[in-house]
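Following this line, the structures themselves.
Two complexes follow with subunit A in common, the first pairing it with subunit B and the second with subunit C.
And now, the complex of A and B:
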């Protein structure tokens, strides 16, 4: 019974989830690129520091930017560790790459198994730390929406079940059930990417560029807004 | 009050208006809630519909849509920005976290202008935009000083200052604007005096004449304030309040230009001399009109560059937007007086007597000059040249704390207790820690605010001055340069 479900989850479900994520992200990227080009086209000042804007985004990828901060260093550094794990393990874990190779003939460099294990443990620890940091900090607790709690919790599941799948002896549960939960939870996450804050994985790269163009006004836009509100004859 | 509409409706798709809830507040109640900072008489009922119409029109004609769309999707709600916000640090109120403040407008966008929001709204039948929320936005966005310190702390690159600006722009289009800003702008763009303080030209001309006499008395050198001279290199725009209250700043600037050999290279325009641009704080329409006035005067007098006096927002609005409205590369370059004075000093064209000021001096970075890293070291180099005891505030430069009166809040006298008791408290602590006698703030807004901050926080010995006020004391005018 479970084998049947595992076959489905490993095959069609996985493909569907990847496709949903890819299409969702593609749509976001296409829209954003289109909107940015349109904004550039209308801007009265077309000298845009593209490189600087993207660099300002990239700076946040490096841990030194977090360590420079005076406050919440631990939280920010934990976030950095989590991001390393959440990208490296799914993409470079040997088991995952083997599936890619088997399905599509394409493979790439893989993490040594022990490193993947430790990184997974670290990622889970980081996720717990991030949840605790969110709960302990009044301002961030107050800001949090449902997804800010639910996504980290959901993210823990494939990492723990992944560890158990790689090391069935560590697991207190039935190996097949664990494997199925691993597959389904990961797929759910993939599907959620375009519809949640996880979409920042593609929009992050150009947010500063967007900001730059937001501040670049089309000449006469103020007048046109007044016109379409029927206020052309009104004064200040 | 009659709930009447003052304008014909633009075309707003029904989906955008979906989920509006009927007004829960009576017009009378709204008037009461808006309190003193809002121009009450322009507010009629039916706020949510009018807000969405204005929002739709703004999104259609400006470049904000792409950035707001991205901001509405990516926030991680990490609250890093809370650490950077001096208002939140003072109040510890959840509604003062920059990310929360921005979320008010972003949620309205998500709910009414994205497919998913519209669908979700239909399914859940949850009206989002209510009179209450609009009033909350009016309150919170006008209480932000738009200092943009939080933007340095957002890992996802969200500029909460831009969101504040946009929210105020939409609010202003439905009449929700601080009265003080409207009255000043009206005087500047539509009044007879053509400046925010409504000072008639003859009074300003008298002031200039008086200042020339003062300089002659002080320094024994005939220094001029050139007016309506054609074909000059620089046309000069100071905040008009300088002509009333910051005479020493203007005297310092005139003395520097005279001594640097630029006495014949600049001019003031009698038709429009006010560099203040409140549009930067609340309206792209106003911003453009003010800059077009500056461009028109530069053209009328054939000036090649725009020189802005000691004023942060006048400098940033001109520097950042003159190319937008002045035809890109054809627009005249914008120079802040601090840049020019520093260059003249570096080139040895002006001399500053070392150790002229022996009392302790510190420097306040105006947000609009320093946040982007534009003008940070130059004023400090100048100060070190003639101050025996210069000390720094911490943090400084791009990380400076706002004076507490940014974003136009300094002009709203009714909220002085808020400005000096909440937003300005950290600044007062910073100043106290330096033990300085003089706080140098090269910005008219910062100067007014810092004086009130010092007064209300037991720092009555501290004197807040412009950079050129002190330069005026230190500059050597004997035979140097001049009109010759």
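And now, the complex of A and C:
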């Protein structure tokens, strides 16, 4: 019974999830580029700030800039650890790479199994910590939307079940059921990537550029803002 | 942009996404993975709907051009630009649809260089190319009207009348040459459709379809953009359509009566029913509706009549290129979902282009001006935010762009996941029966244990031909699998190339074919004329010697075995009334042997099925 579902989850569902993620992300990038070019044509100063955009990207990608910040140091550090784990474990876990090599003939460097295990544990711990940090701080609690709570919780599931799949002896549940939950939760997460805030995994790279361009108002913008607000009689 | 347009565009984008997925599979994995076409049914939905139907749908361009410019009915000037746009996009859609259909699509340019003036397809190809060019030139002024190329614009406007006349001539040739295409299959197309006057009939029905299509399309556009339709123009066109349809009906029925085939329409056959459905939808009901002045003045009435007409004449093209050939081919072809996706996807894609051009270029001035005003207004609306996520939604153009691309991507992903990426009709070659006294036959091997020696003894040593009705040249007792080579698919057994080679090339046509009349299987000399010694006479079981393809192994074996077994079961001397039940032969079916036995005892009799 479960074998049938596992076969489905490993075959068509996995293909569907990967395709949905890839094409969905492609759509997001295409829309973003389109909108940036639109903003560019309407901008007052039509110079693309390449240097600034690349510098900002690197600054936010590497940890020391925001680790230097005074406020919420622990939270920022936990977030960094989580991001390392959430990328490294799914991509470089030996079992996953073996499946890629088997299905497509392409393989790459893998994490030593012990490192992968510890990194998974660390990631789960970081997720719990992040949820706690979000709940503890009143202002971030106020800013949080539904997906800010749901996605970290959903993220914990494939990591825990993945650990249990790699080490069935640690698991209190039926190994096949655990494997099925691992597959389905990971696929759900993949499908959600282009349609939730997880889309930042591709839009992160362009958001700095669009922010820079977006603030360059063309001449006469003030007039348009007044028109939109219906306050033509007042001064800018 | 109205709500209706937005919803319609969303649906069109979704269908286009499905078609895009199938397109990827079609051009990487071929026709086998996306269609259920076969040698018996090489023409499917894509030929019937996309090519034959598409060309006829585009007839509005030349019909309205003729009415407005040649006969100078000024009232119909409104309809010229939309009709020409429809024709242009329709022909482009035909060219795109043809790419899907061609086995070697990269050879589509061949008719330009390699001329074969005797082929109707050659005429079709050249007409499509020339007419597409003419239509583009006819429509170019619309693109140029609000640009700075004023000189070219004025020159093209001056050339408008000659271009329209050229378009009418090419269309006349082309619409009729699609009918010519069917003239080469007088024994394949059912006599209710086949007539030597197919070219003329296709031309007349194209005029009818062109007229109803223009009515249909301008009603739909008016509904989409929430404008009042040009009532006077539509009822005028309805009157023209009524005349054309009346002429078409008279032509078709007179031709049927004249050839003595009218009685076929009153027999209880699938073709007769199909014929009446088609005639009712395409001609009878629209004609009656168009003749009632009250219906002609009502938008709904005109729209319903036109919509019926469009579907009816499309059905006519689909009948002629497929459904009315089933009686001769015996095919059970039904399009796969991928074929529907491509057909509707091409229509959706070109409908989107149609709407885009309507909204950005002066095809109908009211629409484009309204759109321009709407776009200007969008610059000054207050920002809107999503209630749940508090994310800025942008203006309406921005938001709808997000929705359309989302629908497209979802459909694309669904399509790519659902398409099997492998042949839809899988060949299942049959293995030769093995064993001496008892042959193991069937698929997988050994499903049926056939006591050959026992049958020889019972039927008689000199009556092999009851089953072995045809031998390979120089052979006796040729096994069934030589010709019935696939379990389900028919096999082509007549090798024309080999015959031409052995019989000394083109000088030998007359050995088999008559000097006059069509050179095809039905009129050719019977195989037995030369291969007497290789063939047994037709018996009560094997009658269809004239076929040049052998049916699938299962179909033929079932027909042969069950026919004899049923006869013997009724014979009181044999005393085996259960002889024709499934389990009589299917004893070796594992692991379901018992179930088959029970099922066969429960049914009254065994019927061959697929």
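Note that the second predicted complex is superposed on the first by the 213 of 236 C-alpha atoms of A that agree within 3 Å, B and C clash if a C-alpha of one lies under 4 Å from a C-alpha of the other, contacts with A are read in each partner's own complex, and residues count from 1 in each chain.
The working rule: contacts are C-beta pairs under 8 Å (C-beta built on N, C-alpha and C of every residue); 3 or more make two chains touch, one makes a residue touch a chain.
Model, not experiment: these values are computed from the prediction.
J.: Applying the document's definition of touch, where does A:146 land relative to subunit B and subunit C: first, second, both, or neither?
T.: So A:146 only meets subunit C here.
J.: Of subunit B and subunit C, which one touches more residues of subunit A?
T.: B
J.: After superposition on the shared chain, which partner residues are touched by A:35: those of subunit B (first), subunit C (second), both, or neither?
T.: both
J.: Going by the contact rule set out at the top, does A:110 touch subunit B (first), subunit C (second), both, or neither?
T.: A:110 sits against neither subunit B nor subunit C.
J.: Considering only touches as defined above, state whether A:176 meets subunit B (first), subunit C (second), both or neither.
T.: It touches nothing on subunit B or subunit C.
J.: Considering only touches as defined above, state whether A:12 meets subunit B (first), subunit C (second), both or neither.
T.: Touch status of A:12: second partner only.
J.: After lining up the shared chain so the two structures overlap, which partner does A:46 touch, if you call subunit B first and subunit C second: first, second, both or neither?
T.: first
J.: Is A:229 touching the first partner subunit B, the second partner subunit C, both, or neither of them?
T.: The answer is both, since A:229 touches subunit B and subunit C.
J.: For A:138, select first, second, both or neither according to whether it touches subunit B, subunit C, the two together, or no partner.
T.: A:138: touches subunit B, not subunit C.
J.: Per the contact definition in the header, classify A:27: touching subunit B only (first), subunit C only (second), both, or neither.
T.: Second partner only, subunit C.
J.: On subunit A, what residues does subunit B touch that subunit C touches as well?
T.: The answer is residues 31, 35, 145, 224, 228-229 of subunit A.
J.: Using the touch definition from the top, list the residues of subunit A that touch subunit C in their complex.
T.: It comes out as residues 12, 15-16, 19-20, 23-24, 26-27, 30-31, 34-35, 145-147, 194, 224, 227-229.
J.: Using the touch rule from the top, collect the residues of subunit A that touch subunit B in their complex.
T.: 28, 31-32, 35-36, 38-39, 42-47, 56-57, 60, 65, 69-72, 75-76, 79, 137-140, 142-145, 148, 195, 197, 199-200, 203-204, 206-208, 210-211, 213-226, 228-231, 234-236
J.: In the complex, go through subunit B and note every residue touching subunit A.
T.: It comes out as residues 6-10, 53-54, 57-58, 60-71, 73-80, 82-83, 88, 92, 94, 97, 99-100, 103, 116, 153, 155-159, 162, 173, 182, 185-186, 189-190, 283-289, 320-321, 323-325, 327-328.
J.: Inside the complex, what are the residues of subunit C that reach subunit A?
T.: So the residues of subunit C in touch with subunit A come to 379-382, 388-390, 398, 401-402, 405-406, 408-410, 412-413, 416-417.
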